[in-house]
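Please read the structure below before turning to the comments.
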Amino acid sequence: MTRILFSDKLDNCIAKWRSAGLTVIGPVQGESLSGYAAVEKAAGFEFGMVLPERPLKELFFPQTEPMLRYTIKKNEIDTTDFTAPQGKRIIFGARACDASGLAIDDPLFGWDYKDEYWFQRRNESVIVTIACTKADDFCMCTSLKLAPDSTKGSDVLLRPIDKNRGWLIEELTDRGREAFAIISDYLQESSEPAVPTVVVPEKFNLDACVTWLQNPENFDSKFWKEISMRCIGCASCTYLCPTCHCFDIQDEGDTYSGIRRKNWDSCSFALFTMHTSGHNPRSTQSARWRQRIMHKFNYFPGKFSVNSCSGCGRCSRQCPVDMGITETLQEISKL
Amino acid sequence: MTENIQSTQQNIYKPAIMKIVGRHDEAPGVRTMRLEFQDPADHEQFKKTFRTGMFGLYGVYGEGESTFCVASPETRKEYIECTFRQSGRVTSALANADIGDLVTFRGPYGNRFPIEEFHGKNLLFISGGIALPPTRSVIWSCLDQREKFGKVTIVYGARTVADLVYKHELDEWQERADVELVLTVDPGGESPDWKHRVGFVPTVLEEAAPSPDNCIAVICGPPIMIKFTLISLKKLGFDEKNVYTTLENRMKCGVGKCGRCNVGSVYVCKEGPVFTAAEVSRMPAADL
Amino acid sequence: MSEPFEPKIVAFVCTYCTYAGADLAGTSRLKYAPNVRIVRLPCTGRISPMFILKALQKGADGVLISGCHPGDCHFTHGNYHARRRWMVFRALLDFTGISPERVKFSWISAAEGGKFADLINSVTEEIRNLGPFDQYQQLIKETESPATL
Amino acid sequence: MITQEKYRTTVKELLASGSVKMVIGYKPGSTPDRRRPLFIRTSEEADQLVLDSTCMTNLSGYLVTEGLLSDEKRVGIFLRPEGIRSINILAAEYQLNIEQIVILGFDSTGRDVRPLEGRNAGDFSGLLSEIKEKPVQTSKEPLLERIEKMNAQERFDFWQEEFSRCIKCYACRQACPMCYCRRCIVDSNQPQWINTSSHTLGNFEWNIVRAFHLSGRCVQCGNCDRACPVNIPLRLINQRMATEVLDGFDHFAGLSPTQEPVLASFKKDDTETFIL
Amino acid sequence: MAKIGVFICHCGENIAAKVDCTKLAAALGEHPGVAVSVEYKYFCSDPGQESVKKAIRDNNLSGIVIAACSPRMHEATFRKACAEAGLNPYLCEIANIREQCSWVHTDGDMATAKAMDIVRSMVEKVKRNNKLQSIEVPVTRRALVIGGGIAGLQAALDIANAGQEVVLVEREPSLGGHMAQLSETFPTLDCSQCIMTPRMVETAQHPKIRLLTYAEVESVDGYIGNFKVKIRMKSRYVDMNTCTGCGDCMTKCPAKKISSEFDCGLGKRTAIYTPFAQSVPNIPVIDKASCIYFKNGKCKMCQKSCQLNSINFEMQDEFIDLEIGAIVVATGFQVQNTAVYGEYGYGKFPDVITGLQFERLASASGPTAGKILRPSDGKEPENVVFIQCAGSRDPSKGVRYCSKICCMYTAKHAMLYAHKVHGGKTHIFYMDIRAAGKGYDEFTRRAIEEDEASYVRGRVSKVWQENGKLMVRGVDTLLGKPVTVAADMVVLATAMVSQPNAKEFAKTIGIAYDEYGFYNEAHLKLRPVESSTAGVFLAGACQSPKDIPDSVAQASASASKVLALFSKEKLEREPVIAVNNEATCAGCWGCVLACPYNAIEKKDIRDRSGRLIKQVAYVNPGLCQGCGTCVTFCRSNSLDLAGFTEKQIFAEVMGL
């Protein structure tokens, strides 16, 4: 027997969570773009899509975020902090790949110096993931040794039952249990089976790829130049990636006061690593694409023991020139 | 998992406010500034953590932050000295700042030269151009406790005589009996009254031929100089493990998050900037 | 009604014609509204669309740009180039919802002190009637770095 | 299909005769409806060439890849009429030598794709003049019409809503053949004219300045619009500006490789009804 | 981040009566970066300036803002004071709180608030000012005068007589220009050649003048003080060093029926020729197109006749490179091709001639030796009709402007005709009589009153031939009825137009021109003899239609400008010029097109091995005038304008 949350009770649950002070966030289909956003009613959700176009990470690591406010006076500078917005939230209907992405980035934001902007939000968010019953040509979680029903990064995993009538509940953490305790009145015991999760075919042999990447000889392989020839060097892959976390720090304001902000930045940009002298350690697009792949599958795991990719496929899905991690790793598999 | 991470309630991106108490020009476009902490708590933190080789982010609000080393030694922690070339937005703003003006400092960050391990050994410092500041921090850290080290040799070169920095300190080292200073400028960079060597640093180094026995080498310079100096040191018989260098990469956060300084699996801002030549040789992405 | 709304207007003018015209208004002791802040440039050819955006970011409710009449440019044809750019940029602003009523262009010669004073008064009045540029102020507010003009 | 086969042969001939060192075309993408840029240097690579109505990307931006044309050898490229206009502009702005470009022109209506006569930029001047006089698309896009009917406040709200989504990934810039600057103005930081932060104000500044820089240069190839991962209808602004310069200055971007840039030139009798 | 001094001037009561200067000074004193903020009654006074200087020295200021009157009043004063106090003069900015604040506002609080903004934004600007050095350009003291007509001669002589070197270039075989073609000149009726030829000779013999006839300017590079000019010496086929101008060759030349350009087709010349008898230099040239040898490969009569062996059929064009400091353009005009007026019958009826042709008829050295004879039959015309504005002031067929000299020369023609043909009758169709000039109106009155010229106010609609007469149909607007005059000859007062190649030539030297091809002066009123390009000056009818006195006056004015330029070894210029960031320049050359002064050049960037990496824009500091039009065009923000940099303006706006 498992507990089940029927879709027709979702409105009650939302109301309950909201009255308990939680902001309820989930997949929403906007007029021209889908993403995760706050809703007041269940009707605001769109569970039918394979994956929202915008990644979940932006709710934890927004594209731009104020950090400090400074005021320059004569012989005096005032600095005040911005903290991440306070308030508990529940992300209802995250995808497993997006939830995994959060877990992947935790060690990065936490090693030695803790980035409070990230952890403030992490600590106040409950991630309720819905296992996927649908996938598209770009999904590749299985290739990353994850799955449509991975629990990584989730506090609760829901498995859909037939005809979208509801979800079987699998509570994974205390935080998840607490959140679902709030709505326990609306949950029912049931033995109804879950709809099987979608089968996502494996696209490449990750182990073989990693071995190839770890071989120092391949750092200068001409493969990099060939594969990245059509890369135009935009940042749509990195910005939509649920794990890419690079950022920039910028001041803006007038000459008397302003804001220091943390903005997304990307290893795809030539200026990312450019020294003021003009020297650029990653001066070509192929060096930058190599960095992205190496970082995700060699360097990052070397440091944090986890691949910096959760297999959502957004990089390939959105690429203006139809590139992406999938293609690159597929090609590496062939080498 | 996330539950275990405890908030330290500290904004790691908030800098300390510093007052400029001294400044002077080293070479065309190159300036040294001495900064003092305004908040004693910030100063205490600095005193606790600073060791030679570490760097900081120096900033001007409205313009941003720029990374360079702490050029003063770990034996003198009452102030911070930094030396920089005016080139970008932040360094231009810093160069415009006057004595009495306020700037910001975040750090010290990164790893350090393990100078305790250098005790009893001979030291060879090799530096080029504007990269003398990090070397200078180690040099003074050692000279301030001179008795703990063996022979000290400094090889320093610049493109032209005008480009040599810390000229007054070069004079001081020149005077000292317990320091051997080898100065050089690139061919064509000499002035009529130049009494020292002419030639590129690696060549001059090979001519000076310091002994690798019981010797630690510290190199700081532009990537191209480091590349050829490493080759020269190898020729002279230095073990890669006894050669230290620093990698200078573009940085923004300084705390291992923003991804900019990433070289291979290394975040230079946290695991660097000090590396042994042995470590550098295993990092193809260092692009030396 | 409380105090009437005092619009904040930034003007970018060329030094040879309009700035001199403004000086003439002064020496003629003409009176006009004190809402305009003038930025002096060598020529209208130097006036970049970027300046307009920054004036708006600073919180201006209106922007005025003025230079020599066609044919009068001290630099022979800086104003002809400027005119094309303005036309294009103005259309762009219009299309993206910044009303042309908030960004005005004029030719004022060094002899037209009277025209300068009249223009400042009429532009000030028009923008006063339009009211504060709340929509833009809202954008600025979102940046957490509020306008201070 | 026939066009594709013919062109495969043409590409092979061009490569075999040594008259080009490379041809830039299309190959199948990761899904049936996607096409990828293809760089053909060998006969085998030519067999991958696909040419059909889904080949939308304007490939001309690849021509200004650093070093590609510096050996003075010729390069072939598949271009729609807009693409030909792009390379005309690139030539007019001295970014490439038009003599080095061998044009493999094509166009499509519905699903039919047909070749365009000619190999050199000059061969298409008649075609481009025709397009200028008689635009293929006569009816305005409904959304554009909707926007033009709005009042200023509504338009402002509409665009701020659109721009609020912008994430400053610069895919629009990177995909645009006209954005060849070594340093983009948004990366120019002394001073930082355009806020790099992707709050709505910064996004608005970025998009409006890019549109200004494209005024009189955009050929409406649609690269930016297709590249935008957050679906901002960027084409509309550029279309609107193209109409503006056509109506105002009779300037049809990319009509010839020697066309004067519209914003670096002027006529003494340019309209100035808007000037007080 | 700097040490700025703010000096708030009361200007007596002018500022202080409206703006609360004390409050202003106190507020600015609290502004970041302001080290000194003081007020004073008159900072422009000697003690005021001294106090500014003292403050600069005592506080080691890094910049100052003077809040006072318009920078147009005292910017120079305070910049000088800065320099005297050891501060770079360009670290001084003026905040205009008088003309643009205290004088124009009534509300004191509002005026004070506005003054505050003005001064603050200036402080923010000056913080970002750079030390600028005025630009010194070395000057080559050698002038190039282009055109050997009266304007060119005058300019060349004036400059040479002042002791400076001159190179005079004339494209025709002889000096003289149009003035040499004229008969007698208004309003004094003195013989044109009598006053012209001595000047030609003086020019040719002047030790400071290098005369290059039958030569053309091929290219002009460089900038004020430092032009590099290439001259094409067209091959004369006659050795200038040995030829004495004896004229034997011309006598022997069998090709004798070539229409003479100098005589406007009314006379003939040979294939080897000098344009006219008094040509300077008096050395013939071979007209290759008409020469029988060049056409058929046989003849060489001239070579055989030449005892000095001066004829050389193998001669080629030669090029001379010159270093030049200043250029006077005196390229003159042409008369409009009157064929556009079919109704006047020019070209159809041989006795319809232009004013210039009439000059040749009336000239003592002309084809008729000064007798007025009809071209058709050589008879003396008894009735002549003059049609004024045959081209001028006619937007439909001719030109919109007034050619300025036609009223006068037509009156002169009527007089000359009356003097030469007793009893001859003249009718002059005119629109208005424009006779503004010293002695001019009196002159036209004389034509009417003493020489009985019959002026008919109205236009001519048609000229046709009837019974051996030219019938001229016009309208007399004063009487309000049509008139028809039977004439023996019709003279058209054709418009003066620019030289046919004027526009291309302007591009060669890099100066601006108007829609008609006349060269633009830098400022119509205040800089009427300077072209839009520094170091290039204008003289004569190449700028606009002019009569002789005006041409001469402008030529002398240009000469004095050249001499002023040559009075120093170096030229000092304001350092407000554009500079390019070569690292970021994309080389699109939009700036090159946008620059009104052709000041932007393409510069090759090469690597160490000399391989061309890219081309970037280079702003020539000698040519740049500092308008900043290029800066605004530059999409990559690579160009910037010293003194009004992007950083400064950004700070000025953001500091408001």
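Labels A, B, C, D and E are assigned to the chains in the order they are written; within every chain, residues are numbered from 1.
Methods note: a residue touches a chain if its C-beta (ideal position, glycine included) is under 8 Å from a C-beta of that chain, and two chains touch if they have at least 3 such contacts.
Please read all numbers here as calculations on a predicted model, not as lab measurements.
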Margin query: By that same contact rule, can you tell me which chains touch chain A and chain C alike?
Written below: D, E
Next item on the list: Looking only at C-beta pairs in contact, point me to the busier pair out of B-D and B-E.
Entry: B-E
Check: With chain centres set to the mean of the C-alpha atoms, which chain is at the far end from chain E?
Finding: A
Margin query: Counting only Cα atoms for the centres, state how far chain A is from chain B in Å.
Written below: 38
Next item on the list: Go ahead and note the Å separation of the Cα centroids belonging to chain A and chain E.
Entry: 69
Item checked: Chain centre separation (chain D, chain E; CA means) in Å -> 44
Next item on the list: Mind pulling the residue numbers of chain E that touch at least two other chains?
Entry: 583, 594, 633, 650-651, 654
Note to self: Give me the residue numbers in chain B that touch at least two other chains, ranges are fine.
What the structure shows: 88
Note to self: Among all residues of chain A, which ones touch two or more of the remaining chains?
What the structure shows: 72, 75, 248, 250, 252-256, 258
Notebook entry, point to check: What pairs of chains are touching here?
Noted result: A-B, A-C, A-D, A-E, B-D, B-E, C-D, C-E, D-E
Next item on the list: Could you pull out which chain A residues touch chain B in their complex?
Entry: 67-68, 70, 72, 75-77, 79, 81, 83, 103, 106, 108-116, 119-120, 122-123, 173-175, 216, 219-220, 245-251, 253, 255, 258, 260, 262, 265, 267, 272-277, 279, 281-282, 291, 294-295, 298-300, 302-303
Next item on the list: Please give the residue numbers of chain C that touch chain D in the complex, ascending.
Entry: 49-50, 53-54, 57, 70-71, 77, 80-81, 83-101, 104-107, 119, 135, 139-140, 142-143
Notebook entry, point to check: Once bound in the complex, which stretches of chain A touch chain C?
Noted result: 66, 69, 82, 252-254, 256-259
Item checked: chain E contact footprint on chain A (complex, rising order) -> 72-75, 253-256, 278
Notebook entry, point to check: For chain B, which residues count as touching chain A in their complex?
Noted result: 1-3, 5, 7-15, 17, 61-65, 87-88, 91, 100, 102, 104, 222-223, 248-250, 252-253, 255-260, 262-267, 270, 282, 284-287
